[in-house]
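Below are two complexes that have chain A in common, paired first with chain B and then with chain C.
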Partner chain A sequence: MSQLSLERISKTFRGVEVLRDIHLQAEPGEFICLLGPSGSGKSTILRMVGGFETADLGTISLAGEEIGDLPPNRRNIGFVFQDYALFPHLTVEENIAFGLKCKRTAAEESKARIRSVLDIVGLTGLEKRYPKQLSGGQQQRVAIARAIALRPALLLLDEPLSNLDAKLRRQIRLEMRALQQELGITTIMVTHDQEEAMTMADRIAVLQNGVIQQIGTPLELYKSPANLFVAGFIGDPPINLYPCRSKRSGGAVGISVLDTFLEISCGTGVPPEDCDYVLGIRPEDVLLSPVDEGRGGIAATVDVVEYLGSAALVHIRTAGSGTKLCALVHSKWIPGSGDRVKLQLVVENALLFHGDTTGAVTAIEIKDSAAAYAARSGS
Partner chain B sequence: MSRPMAPGRVSMLLLRMVHRFLVWLAFLFVLAPMLLMVLVAFNKADYFSFPLEGLSFRWFQEMIVNTEYRSSIMNSLKLASIAAVLSLLISVPAAIALRRSSGKLAETVLLAPLFFPLVIWSLGLLQFYGMIGLSGSFLSLVLAHTVMITPFILRIVVQSLREMNPKLEEAASSLGAGRWTTFRRITLPLIMPGLLVGAIFGFLMSFTDVTLTMFISSSGSSTFPVRVYSEQRSEGLNQIVLAWSAIITLIIFILSLIGERFARWSRYF
Partner chain C sequence: MREDIITGGPIKAKPAARRRLWSYVALLSPAMLIYWLVFLIPAIVLLINSIQVNQPEKSMWERELTLANFIRFVSDPYFIKVIGITLLMGVIVVLVSLVIGYVLAYHIYKAKSFVKTSLITIVLTPLFSGALLQSLGWYLMFARYGPINAFLKDIGLIDQPYNFLGTYTAVVIALVHGFLPFMVLSIVNSLRSIPVNVLDAASSLGANSWTAFLRVTLPLTKGGMMAGSALVFGGTIGSFATPGIIGQGKIQMLAQIIYQQAIQIFDWSFASVISIALLLVLIIVTMSLTGSVKLQGRNRG
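So, the complex of A and B:
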């Protein structure tokens, strides 16, 4: 049985549909990220589970018990706010003790719990400090300690890392994930940072305009996004996208993009002609080679090179149609701007989406016709 | 080695001097009358005179002996304290309700007395008290003063509630606190400086009021300012008043400093 279950959740706020038909199940101990741009409804879902908003429709249950009508103080859920919401007039110790007192925990037990959670988040010795005497990272840890001291059935994190600087964010991200796994606490985190979601979550629910676009593991979302939005939102540097139209050329049906013709086939049948598609190619699936190496490929010119340290992001433009694209180069050879290069596409990793519905096309296979031709003529 | 100053710097300097002069002038106009009253309280003479004819504490001694003025001061203190506390008890729940509701109407009605001429309202109240048979009692004064100062206190309380991070109350709730516990242990301590400022401000308003009290008080329950005012009109200035004024000025000055230091109360106005 899942720990948290959202069924058919909908909400309209001042005539605007904020959430539509949300279904979400979290298994015990699972870490789920709600990922989406601002205004996508992810925070509303979290606040609903926390008890700060009510759904117009649908049910929320925690460990088999329906909690949709309970006030926040009777839900047994830990909530970590974006700005931490530490009580400024109470010390670290008193902040953590607050919840324990509300739950009428015995004094001895309470003391032991405060000690243990402070130890877990590494803040032992700061018991008597007030929130404003702590750094941002320390405040964040107090907020987590305060929430987990009550041993909640569910932990909710509302953009917990967004107020920290980049370096600290990386570190705390790892710590939080380790802590979550150690405690085995079911966790829902809201974030707009896809990298954060990819590195921390067991599963990610991608939201846009109040609708869950896709739920899946980070790898699933990356390798087989359900639609254009997910493909574009997941992945950094972002995926290259090209609108195109299927046409018959010679004996095969295919799409013309990037100065080349990619054959498409669908099992035994014939792929439809005159259909609008969008082709997606991840930057790491664009391979570059120097012109003089004599390998085949599409001729292109380098516009700009962004060095990322171990890799470089190369912005190029095809020689024929001038189509722009972006390649992630890990090799020792990195072209300079203005260089002429040859590019090859790893077409088996390319993604195809319907032009009208933006949904992923699953039944169609893409082949590099040049390679296909070579294979055919070779046999 | 001297260098001629750039013309820009000269005009800047001039501007700064003019600015400083104006600031001091403003201070002088505010503080000079008060300073004069305090100084004159130490005068040896039987009448108001400046420059002083000699220093003495005789008026302070007479101030302590004179029971009439002392009782009017006590009246004022009692009235102002009760009104301030009553008004706080009304303002806090009202402010909480106002914060939750998004409607502007309730707030407008509650704050309307801020702009309403006190004289007209006092007249109406006098008639009303006559109708319900409450004229001339101490209770009538208390109620009137409470109503008079409540819009001001309410404004300060609403302001301090709005300055509080609403997430703190949500956090308390998610930690298992019910509404009352959240109010008592989180909201109340955090708005306490605002409540204190409100109470002090309301107290001072009530303590210094002449208009309203003149209209509705019977002579018996007269307050200090009313007593000063009516005696000033009939018999001229009594030197004992100056002694009391000096003390009151000092107390208010100290209260202001405390209010500004601990609650930055100027931001509420």
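So, the complex of A and C:
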């Protein structure tokens, strides 16, 4: 049985549909990220589970018990707010004791719990400090300690890392994930940062315009996005996308993009002609080689090179149609701007989407014609 | 001393700090001028008056010095009693306006835009009218054949018109009405400064709305309550028109006896002594109220 279950959740706010038909199941101990751009409804879902918003439709159940009508104080859910929402008039210790007092925990037990959560988040010795005397990272730990001291059935994190600087964010990201696994607490986190979601979550739910676009493991979302939005949202640097149309050329059906013709096949049957598609190629699936190396490929010119340290992001333009694309180059050889290069596409990793519905095309396969280039350029 | 290469004279120091000081002085001078004219100079005159023998026929520079006025003030139980009554009135009016003001402020804070604006306007009306007009209004309300007596008679609570005028209750009601805006505005402001998430956090930690109010909202609005209390207290113990009109001369507060001494008996020296006593009480109370807020602030920050 899943720990948290959202069924058919819908919410309209002042005539605007904020959430539509949300289904989400979290297994015990699972870490789920709600990922989406601002205004996608991810925070609304979290606040709904926390009890600060009500759904117009649908049910929320926690450990098999329906909680949709309970006020926040009777839900047994820990909530960590974006701005931490620590009580400014209480010390670290008193902040953590607040919930325990509300639950009428015995003094001895309460003391022991405070000590143990402070130890877990590594803040022992700061019991008597006030929130304003702590750094952002320390405040955030207090907020987590305060939430987990009550041993909630579910932990909700609302963009918990967004107020921290980049370096600290990386560190706390790892710590939080380790802590979550150690405690085995089911956790839902809201974020707009895909890197955060990819590194922390067991599963990610990608939201756009109040609709869950796809739920899956980070790898699933990256390798086989359900639609164009997910493909474009997940991945940094972003995927290259090209609208195209299937045509018959010679004996084969294929698509013309990037100054080349990619043959498509459809299992047993013949792929449909005159269909609109969008081809997606991740920057790491664009391979570059110097012109003088004599390898085959599409002729292109380098516009700009962005050095990223271990790799470089190369912005190029094909020689024929002038189509722009991005390549992530890890090799020792990195072209300079203005250089003429040859490019090859790792076609088996390319993604194809329907032009009208933007959904992923699953039945059609793009044929690897790299061999064909080689043959052509060799002749 | 180093010499300027061009002029051959000593290098003139033009520290930025000094220039900044002058700009502060220049910017503050209009306000400071007003303070000097209407507050500091009269206060000095008051101090000098208080240690002089009351000799109105002589100019201020020629009068004899004495401490007799102070000795008379502290040794006469009547004046001690008036100080006691004034302080008590201050405390009662502060407590009543704290309770009423908090409830009102909380409703204003929670209300939606239109109701909010209307409530604030209603609360502010005493400030538009001034103490004299308010007191006259309450005078009519409390009068023997006024609406309050008529109402109490109608519902059968009293047979004969009750004389509210001249009672402490009536004076307290009128004073609370007059000074409530200060309390309400101070508390509304401090309520607004509470982050919304803090209350949500309390709720998610298991606090019901009453607990959240007592343990989060109330402590976080302490500053507003202190500031409001200081304003109301100061206004009350210095009030003159309201206790005069509603109190009908039966209720003596410090401002009244200052008026008596200065205008009716023409004992300016003794009036000065009472004024200094009033000023001292105000300074002590205001400093202790704001001081306690500041101390907390340092604790937290």
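As a working rule, the second predicted complex is superposed on the first by the 368 of 379 C-alpha atoms of A that agree within 3 Å, B and C clash if a C-alpha of one lies under 4 Å from a C-alpha of the other, contacts with A are read in each partner's own complex, and residues count from 1 in each chain.
Rule of thumb we're sticking to: contacts are C-beta pairs under 8 Å (C-beta built on N, C-alpha and C of every residue); 3 or more make two chains touch, one makes a residue touch a chain.
On a predicted model such as this, the values are computed, not experimentally measured, just so you know.
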Room on chain A for both chain B and chain C (clash or fit): clash
First, second, both or neither for A:249, with chain B first and chain C second: neither
Touched partner set for A:103, first chain B, second chain C, both or neither: both
Partner chain in contact with A:79 - chain B first, chain C second, else both or neither: both
Chain B versus chain C as contact partner of A:54, first or second or both or neither: neither
First (chain B), second (chain C), both or neither touched by A:124: neither
Touching partner for A:132 - first (chain B), second (chain C), both, neither: second
Shared chain A contacts, counted only where both chain B and chain C touch the same residue: 50-52, 71-75, 77-79, 81, 83, 85-89, 98-99, 102-103, 146-147, 150
Interface residues, chain B side, partner chain A - complex: 165, 167-168, 170-178, 181, 185-186, 189-190
Footprint of chain C on chain A - complex, ascending: 50-52, 71-75, 77-79, 81-83, 85-89, 98-99, 102-103, 130-133, 146-147, 150
Chain B-touching residues of chain A, taken from the complex the two chains share: 50-52, 71-75, 77-79, 81, 83, 85-89, 98-99, 102-103, 146-147, 150
Touching residues on chain C, where the partner in the complex is chain A: 195, 197-198, 200-208, 211, 215-216, 219-220, 222, 296, 299-301
